[in-house]
Amino acid sequence: MAVFTGQQPDLREAAGWRRTKNRIATALMVVAFVLVVIPLVFVLITVVARGIKIISWQFLTAPIPPQVVPAGIGGIGPAIVGTIEIVGIAAVMAVPLGVLGAIYLNEYGGKGVLGRLIGFMADVMTGVPSIVMGLFIFSIWVLHFGFSGFAGALALGCLMLPVVIRSTDEMLKLVPNPLREGSYALGATKSRVTMTVVLPAAIGGIVSGALLAIARAVGETAPLLFTILTVTTVNRNVFSGPNTSLPSQIFANAISPYTGAQDRAWGAALTLIVIAFVLMIVARIVTARFTRYSR
Amino acid sequence: MEQPEQDIATGLQPLEPAAEPQAPPTPEPQAYSEPGSPVFDAEKVSCYYGSFRAVTDVSLSIYEHEITAFIGPSGCGKTTVLRTLNRMNDLVAGARVEGEVRYRGASLYSKDVSPIAVRRNIGMVFQKPNPFPKSIYDNVAYGPRINGERNRGKLDEIVEHSLRQAALWDEVKNRLKASGLSLSGGQAQRLCIARTLAVEPDVVLMDEPCSALDPIATSAIEDLMRDIKSRYTIVIVTHNMQQATRVSDRTAFFSVLRNEESDTRTGVLVEYGRTQQIFEDPKDSRTEAYVTGQVG
Amino acid sequence: MTQQAGPAIPAGPTRPLSQRRPLGDRTFQVIALAAGLLVLVILVLIAISTTQQAAPWFKAEGWGIFGKTWNPASNQFGALAFIYGTAITSAIAVIMAVPVSVGIALLLTEVVPYRWARPIVYVIDLLAVVPSVVWGLWGILVFAPWIAKIYSSIASAVTGIPVLGALFGPPTSGASFFTAGVILAFMITPIVTSLSREVIATVPVIDKEGAYALGATRLEMIQGAVWPHSKGGIVGAVLLGLGRAMGETIAAALVIGSSATITSHLFAPGDSMPAVIANQFGEASGVFRAALMGLGVLLFAFTIIINVIARAIVGRSAEQGSA
C-alpha cells in the first residue's frame, strides 16, 4: 500500500478572493445577457399585445385611411403590397449580383490586389448608413426620374449587395477543394466547375444568407424616405409614382398624435416583425437541411 | 450527334485513323498502334512551386495498356510528377514545369494546348474519395453531360457501363438516385473511378487511391485496375510496396535528394524498370534499401 | 485490342488537345469581375453625387458649416448641434453596449456549454432582426413616457451638484439624447457581440489550455490568454458598433427629441445628423436641402473612415490570433 509522505495536496477549488472574483465575473456575464433579454422581451410583448388587437384579414388588405380615423376602420393593405414589390425587386437585383461578386472573390481574383480591395470595400460598405443610400439614389435617380418604388428598390439593393457578397463568400469558402479538383479532373472549365459543382454545394447557405439580407431589407425605412415618398395608396406600377411600405407607414404613424394611426402602427409593426421572423426561421431551416458537402 | 453548347468547345470528334504529323503550332496527339508503345514521354522534367524545386530532372516513359507505379518516401514528388501528366498543377498558384512532357508525341505544355482538353483525355482519381454532393447517377453522368451529352438513353447506358467497369453496378443499381455522399469509403472511391471512366479517357491517373480504404475495399480496387488495364493506361502513386508488386507492370522509384550546402531538398527519379526487376534485382542501392524496408 | 460492350472507343488518343478557351468561360469571368467592381463603383458614385448635391451648402457657409446656429428661416445652416448630438448619442450607446456585448461574447465562448450556446445566439439574432422603426415606435410611445418619470426624479435629485447636475439635471424629456443612446445601445449589441465572438474564437486554444494548466480560474484565463489576443479585434468591433450607432436614423429620429441644441444635459431633447435629415428633408429645398445633403456627406465620410479603420484592425487581429 502506497504511503504518502509530506502534506496531502490541496485539491479544493481556488481559495477565497480568486474564487469570488471568478464567480462575480461569471455573474456579470449572465447579467449582461439578461440586460439584453429584458428589453427584447418587452418590445416583443408590447408589439404583440398592442398589435394583435387590430390584426385581421381586413386590416391586412384594406386601404390606408387618413390618420385621424380610429382603429378598426381601414388597414395597411397598400403598405404590404408596396413592401413586397419593392423588396422583391431589390432582391432580384442584389442577390444574383452579390452571388456573382462573391464568385469573383472566391474563385477568380480574390487573392490579388483588386480582389482584396473589393473584398475589403464590400465589408466597409456594409457599414454605410442606410440613409446615405437613400440620399445617393435620390441624387442620381430620383432627381432625374422622379419618385418610384423602383428607386426605393435601388436603394435597398445597394444596402443588400455587400451583405449578400459577404455571406455568399463565406459559404463558397466552405465548399471543400477536393470537390473542385474532381470536377477539373473531368475536364470542366472554371465556369462549369463553379456553376455545376461549387454553387450547388453551397446553395443552402447562399439561400439562407439571401433570406437574412431580405429580412433586414424588409424593415428598412430610411432609404425609402426620399425615394418612394410615402403615400397611402397602392401603386402597382413600381417604376413610376410614389409608393409606400410597411416601415414607411409605421414611421409616418409613429409621430402622429391620433390614436387610430398609432394603433395601425402597432398592427403594422407586428406584421413586419412576423415577416422578418418567418424569413429568419426559413433561413435556419434551409441551412440545417441543405448543407452537406462531404462524407 | 448532339449539338454541343456554346460555352464548351467540346471537340468530341471521331478519331481520324492517321492524324497528321505534328506541326509545332498545333500539336495533335498521334495514334500509335503498336502495343507497348509509349503514351507519355517525360524528358528532364522539373517542377517548381514558386522558387521551391519540388522535383528535378525526371525522365521516363509510360507505356500503353500497362499499369505503372510511382513509389517512394513522402515528399519525394511522386504526386507532383503524376499531376504534371494531366496539368492539374496548373491549379496551384506559382506552379511551373520545365522540361518536356509529351503525350503520344504531342507536347502537353505547349502554349496552345488547353488544359481542359488534356483532362478529358487523361483522368484522375484522388486519394480521398470526393463524390459530388449529387445523386450516384448524376455523379457518373457529370462528365458526359459537360461534354454535351443530353440524350437520356445514352446517359443511362454510359452510367451503367461505367458503374459496371468500376464493379459497383450491382451494389447501387437500385438506388441510383441516392446521394453519392451516402456510400461507404470503398464504394465512394469506386464511384469516383466510374465517374472518371464515364468520359472514356485514354489514361487514368490514380493518386494513392486506396490509402483511405480498408484492405477489402483495397483489394476490390486492385481487381478493378487489372480488369480495365486492357482498355486504359494506368499510372498509380502508392506508398504501399506490396500493392505495387501486386498490380503494376513497371515501377518508378523516387527519392529525396538533399543538398547539404544550400539546405534544400528535391525529388528525383532514382530507378525505373519492370516491377519484377525493381523489387528483385534493384540496380541502385537506394532502391534496394527502400524496397527491402531498410528505410521508410 | 478487345472492345467491351458499351460505347466503343478505339485504342489510342481520342480528342485533340488544342482548343481556344470557350467563349462562355471567358464571359462568365468578365461578368463576375463586373459584379465585384460594382461595389467600388457604387461607393465612388455615392461620394461624388452627394458631394455634388451638397456643394451649394459648402459654398454658402464655407467653414461655417460647423457653426452653432441652425435656422432655416434665416438661412443659417451651422451643423455643430447635429454633429454634437450624433457624437453624444453614439458615445452613450457604445459605453452601454460594449461591456454588455463583450460580456455576452465571453459568456458564449468561455462559459456556456455548447448546447446552451445555440439558444443564446438565437436570442441575439432576434435582437438583430427587430427593425429600427419598431424600436423607434416602441421607444417613442412606450419607453420614452416611462423613462421621462425616471429622468425627472434623477434630475431633481442632482440639481445643484457640480458635475452630476450638469449631466443629469433638468431640463428633461422622455425623448432625449439619453433615450436615443439607450435605444441605439440595444440596436448595436448584436453586431458588437457577434464580432467579438469571432475575434475571441481566434484565440489559440493552446494559450487557453496553457492558462488552465497553470491552475488559473476562468476569469484569470480570460485576463491572461484571451484578452491580450483579442484586445485589438474587440477595439475593431467597438468601432464598428460606433459606426452603426452614428448612422442609425429612424430610431434616433423618433426618440431624440428633434431640438437642435447643444447642451450637456443628457436628459434634454436634442438632434443628430441622420435624425434631422430624416425629419426635415421632405420640406427642404435649395440651400436647406443642400445642407441636409451635406450632413449626409459628413456622415458618409465619418462612417467610411471608422469602418476602414475598424476592418483593418479586426482583419489584422484575426490573422495574428490564428497564426
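Per-chain residue numbering starts at 1, and chain names A, B and C are given in the order in which the chains are listed.
As a convention for this text, contacts are C-beta pairs under 8 Å (C-beta built on N, C-alpha and C of every residue); 3 or more make two chains touch, one makes a residue touch a chain.
Everything numeric in this text was worked out from a predicted model, so none of it was measured.
*Asks:* Go ahead and name the chain pair joined by the largest number of contacting C-beta pairs.
*Replies:* Top-ranked chain pair by contacting C-beta pairs: A-C.
*Asks:* Relative to chain C, which chain's C-alpha centre is the most remote?
*Replies:* Following the centroid criterion, the farthest chain would be B.
*Asks:* Can you check how far apart chain A and chain C are, centre to centre, with Cα atoms defining each centre and the answer in Å?
*Replies:* The computed centroid separation for chain A versus chain C comes out at 14 Å.
*Asks:* In angstrom, rounded to a whole number, how far apart do the mean CA points of chain A and chain B lie?
*Replies:* Comparing mean C-alpha positions, chain B is 47 Å from chain A.
*Asks:* Using the average of all C-alpha atoms in each chain as its centre, how far is it in Å between chain B and chain C?
*Replies:* 52
*Asks:* Residues of chain C that touch two or more other chains: which are they?
*Replies:* If we look for residues of chain C contacting two or more partner chains, we find 21-22, 24-25, 28.
*Asks:* When you check chain B against every other chain, which residues touch at least two of them?
*Replies:* Within chain B, residues 7-8, 116-118, 120 contact more than one other chain.
*Asks:* Which residues belonging to chain A are in contact with no fewer than two other chains?
*Replies:* Correct list: 189, 191-192.
*Asks:* In their shared complex, at which residues does chain A touch chain C?
*Replies:* 14, 18-19, 21-22, 25-26, 28-33, 35-37, 39-40, 42-44, 46-47, 97-98, 100-101, 103-105, 107-109, 115, 117-118, 120-125, 127-133, 135-136, 139-140, 158, 161-162, 165, 189-192, 194-195, 215-216, 218-222, 225-226, 247, 250-251, 254-255, 262, 265-266, 269, 272-273, 276-277, 280
*Asks:* For chain C, which residues are in contact with chain B within the complex?
*Replies:* Contacts found on chain C: 1-2, 4-7, 9-25, 27-28.
*Asks:* Show me the residue ranges of chain A that touch chain B in the complex, using the header's touch definition.
*Replies:* 111, 176, 178-179, 181-189, 191-192, 196-197, 200-201, 292-295
*Asks:* Please output the residues of chain C touching chain A within their complex, sorted ascending.
*Replies:* Going through chain C, the ones touching chain A are 21-22, 24-25, 28-29, 31-40, 42-43, 45-46, 49-50, 52-53, 99-101, 103-104, 106-107, 111, 120, 123-127, 129-138, 140-142, 186, 189, 215, 217-220, 222, 240, 243-244, 246-250, 253-254, 274, 277-278, 281-282, 293, 296, 299-300, 303-304, 306-308, 310-311, 315.
*Asks:* Any idea which chain B residues touch chain C in the complex?
*Replies:* It comes out as residues 5-9, 11-13, 15, 19, 26-33, 35, 64, 103-104, 106, 108, 112-114, 116-118, 120-121, 157-158, 161, 165, 200, 202, 230-231.
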